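Here the chain labels run A, B, C and D in written order, and each chain numbers its own residues starting at 1.
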Amino acid sequence: MLETKIFMDEKPKLKNPVCLVGLPGIGNIGRIAIGYMVHQLKAKKFANLYSPYFFPFVMIHNNMIHTLKNEFYYCKYKGKDLILLIGDCQTYDPKGHYEIAGKILEFLNSLGCKQIITVGGFGTGKVSEEPKVYGVVSDTDMIKEYKKFGINFDIEGQIGTIVGASGLLVGLAKLYELKGVVLLGETTGFPIITDPTAAEAVLGVLEKILKIKIDLSKLDEKVKAMHDFIKKLEDIQKQAIEQMKKEKKPEELKYIG
Amino acid sequence: MLETKIFMDEKPKLKNPVCLVGLPGIGNIGRIAIGYMVHQLKAKKFANLYSPYFFPFVMIHNNMIHTLKNEFYYCKYKGKDLILLIGDCQTYDPKGHYEIAGKILEFLNSLGCKQIITVGGFGTGKVSEEPKVYGVVSDTDMIKEYKKFGINFDIEGQIGTIVGASGLLVGLAKLYELKGVVLLGETTGFPIITDPTAAEAVLGVLEKILKIKIDLSKLDEKVKAMHDFIKKLEDIQKQAIEQMKKEKKPEELKYIG
Amino acid sequence: MLETKIFMDEKPKLKNPVCLVGLPGIGNIGRIAIGYMVHQLKAKKFANLYSPYFFPFVMIHNNMIHTLKNEFYYCKYKGKDLILLIGDCQTYDPKGHYEIAGKILEFLNSLGCKQIITVGGFGTGKVSEEPKVYGVVSDTDMIKEYKKFGINFDIEGQIGTIVGASGLLVGLAKLYELKGVVLLGETTGFPIITDPTAAEAVLGVLEKILKIKIDLSKLDEKVKAMHDFIKKLEDIQKQAIEQMKKEKKPEELKYIG
Amino acid sequence: MLETKIFMDEKPKLKNPVCLVGLPGIGNIGRIAIGYMVHQLKAKKFANLYSPYFFPFVMIHNNMIHTLKNEFYYCKYKGKDLILLIGDCQTYDPKGHYEIAGKILEFLNSLGCKQIITVGGFGTGKVSEEPKVYGVVSDTDMIKEYKKFGINFDIEGQIGTIVGASGLLVGLAKLYELKGVVLLGETTGFPIITDPTAAEAVLGVLEKILKIKIDLSKLDEKVKAMHDFIKKLEDIQKQAIEQMKKEKKPEELKYIG
């Protein structure tokens, strides 16, 4: 595998689909928000993304191999077609971020998708009872459109950059004929595993944008379940790194000090 | 050489071949188990894999150049066609692991191979007189099938990840139309060069899976011989690294500190 | 995005265009000199360069996504056709420098451009009231031609290398059928953000080379404005790096220690 | 420039040419030996190799840009056709070594070259008045053939690896239909810039292999001249690295700590 590849199980017929992206990040807000939507909307998986820029190890789950990947789901909900992208990880490699973002956008373009909404976190350093949702857009005219949904558009001066997939997918969207918005859920930014309150705030905004209704009553329960899996995955990654450092295996004998 | 390449000396005609993989790793269990099979079954080499992701040095052996490589052998044993993959090293590079695994699986697919069995070690931190063999599979239905051969399928919770080729070859197998299993021989995990007892346990399981008989009487002797070669190779790699660090050669003047 | 790409909005019809390059570097001399020309000559943007070798983050500017890029402008000024290249950043990656320089030269060649002038800084360690402009050329015969414009050609012994885009674009120019010169404005070399005096000296030389007149009366004002933006961009990059280091995100779990 | 490229000025018609390689390395033995031959045999340059895996800076020499490269020369001497490869540097990158070696071998193959002789150094830790020349070959039958020329073939146990181009070019030669030998001049291995005595020993052996006569009377003088240039180039490389580390330029803000 020389480059990032997306393997499609099925090519769904979608009409003006909107893509929602929830990958691991600060507070894992996107991951649990979009992961919850996948579950509640009974979305169907139709493609997997594998990348040589993911860690070169596999995990063991119920005696089965689990290879690190990102997953594409779709659903049709009251005339609205959605593509949902969730995953185990982001890449650890700067160049890999561009490769993966480009592959995803190319793929979405091929599915007729014109709009992408990525979900991330915006660490403020303090706990908020009613976290805000901030927006950053690819095209000026989107600000007016999205303000209606309760998205906050006055973050100038407070935050400077968005690192990784959430930002790049929207930042490069135009090159692949998509428009995009990043939704940033306000969160503490402390190293917590998941922030369900911020995820709920984002889900509230997504309901308005997509004009759909998501039953949030099982969110806490589901987040609890996801929390355990996510924590295990993060711990395993950290352990594996430590293990690799200790074992003095060929992998460690890097050519240039 | 821009990417990993497999050079074929001969294209063997094989019928439903099973591929066995034994590359360097914890206790070098796979390497000595499959290396012993190559010897005992008088398997014939038919292809070499070279990679820009291997160390950029050559070794000297009897005044001859020895370039780092992985080697493909085949044999036909009582109507059973086998491909055996052994090698000097794994890559030191995360991305390289994906490239090499992909090239191997692509190659096996082109040879009509539908099943891959990789052999690795599972470090428990203690010495076992009768080491178990653990299994991790690519498809659920394989668990039932392989349980019959004395493979242990209850490692959940004990080990989280498999690093490198053994894991990735099975983890990516499906994408190349193969099914796979990782056999993990129980071993101490201490930095020992070779663990022949664990290798013997794995060979016992392979005999059952493949319905073949391997004369194990020369295992100790062969492992002794291989042990010396493997140790030399490992020492040389370590020396070369140290030498490169000391020499202040152009290689050392890495652009970014 | 697997490699550096230039996206063209419009293909301008240019006659023997000369390309002027001002990318970030010592004292940001090129950046402010060529950035000022873009403004004064009302040059029109016609293409953007994106690269997987730029940092994998986006910036937020007026609630809009700002993706790191280099920008191509053109203008026709008194029968003289110019291409002006400015940008947010250079790559942090050694190999990336070659890829990006090659892509730019290939692109210029496709536009019929035969001459490239890059602008950089030459740090002397002392403050100069009337900074000199030094020249380094791709072809011997250019020395005589450019001496007429007040360019200093006696830097041998004082400076040994030119790191990054300014040097490589001229160093590789011949391979893409261009001739080139690097103009180095004398500057202190201390870590200052911008050196408008050196930039003015370079602009004076460019006026002579191109036989054009640039109104320098607004330089200080414009440099002040650019200074703030450049500083913000540099600060944000530094912050982002620090932030990434602290957050212990997947990006940080680099495979090999 | 996405990958290593060889630019040919002229395609020489050569009959069974032998390629001699002298790139920087321990004691720069190959570099001065083959560099001296280029001069003495009045060999003509016909191609340049550039690589994105070389340092991303250019040098200034007589107000001209000097881009790092490797150079191919050829000469016809008493019915013997020779290709001579010398250069400013080797790559600093492990993967780059494979890419560059592959490109060189592919190029030699396209010129009908079937034999490659690379020259390196073998550091013993002591000063030798009459340094030996050791040989390492790609094919067993070459040992007998080359022993006649006074090459020492009993280095087993003394040296384990050959790092970089000299080794890889011979180690990968077979894959490109060439045979090869590495000639290693015995040298102290201390960090000296050039070892003309070892170079002379290698030239003596090359005279026998190629059945040519090289006037060695100007060796000391030429080595003195080359010594200065080589030292300057090495110093400049080291300075540039240090400079880059200090300047806190964008290049330094590497994404992952």
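Throughout what follows, a residue touches a chain if its C-beta (ideal position, glycine included) is under 8 Å from a C-beta of that chain, and two chains touch if they have at least 3 such contacts.
Predicted model, so just to flag it, every value in this text is computed and none were measured.
Of all residue numbers used where subunit C meets subunit D, under half belong to both copies. The two sides are thus made of different residues. Overlaying the C-alpha trace of subunit A on that of subunit C calls for a turn of 90°, given as a multiple of 5. Centre-to-centre separation of subunit A and subunit B, using mean CA positions: 35 Å. Chain geometry summary: the mean Cα position of subunit B and that of subunit C are 50 Å apart.
Looking at subunit B, residues 55-56, 92-94, 237, 244, 251-252, 254-256 sit in touch with two or more other chains. By the touch criterion stated above, subunit A contacts subunit C in their complex at residues 3, 24-26, 55-56, 89-92, 94-95, 97-99, 101-102, 135-140, 143, 153-156, 159-164, 167-168, 170-172, 175, 180, 182, 191, 234, 237-238, 241, 244-245, 251-252, 254. Residues 1-2, 5, 7, 50-67, 92-93, 232, 235-237, 239-240, 243-244, 247-257 of subunit C are the ones touching subunit A in the complex.
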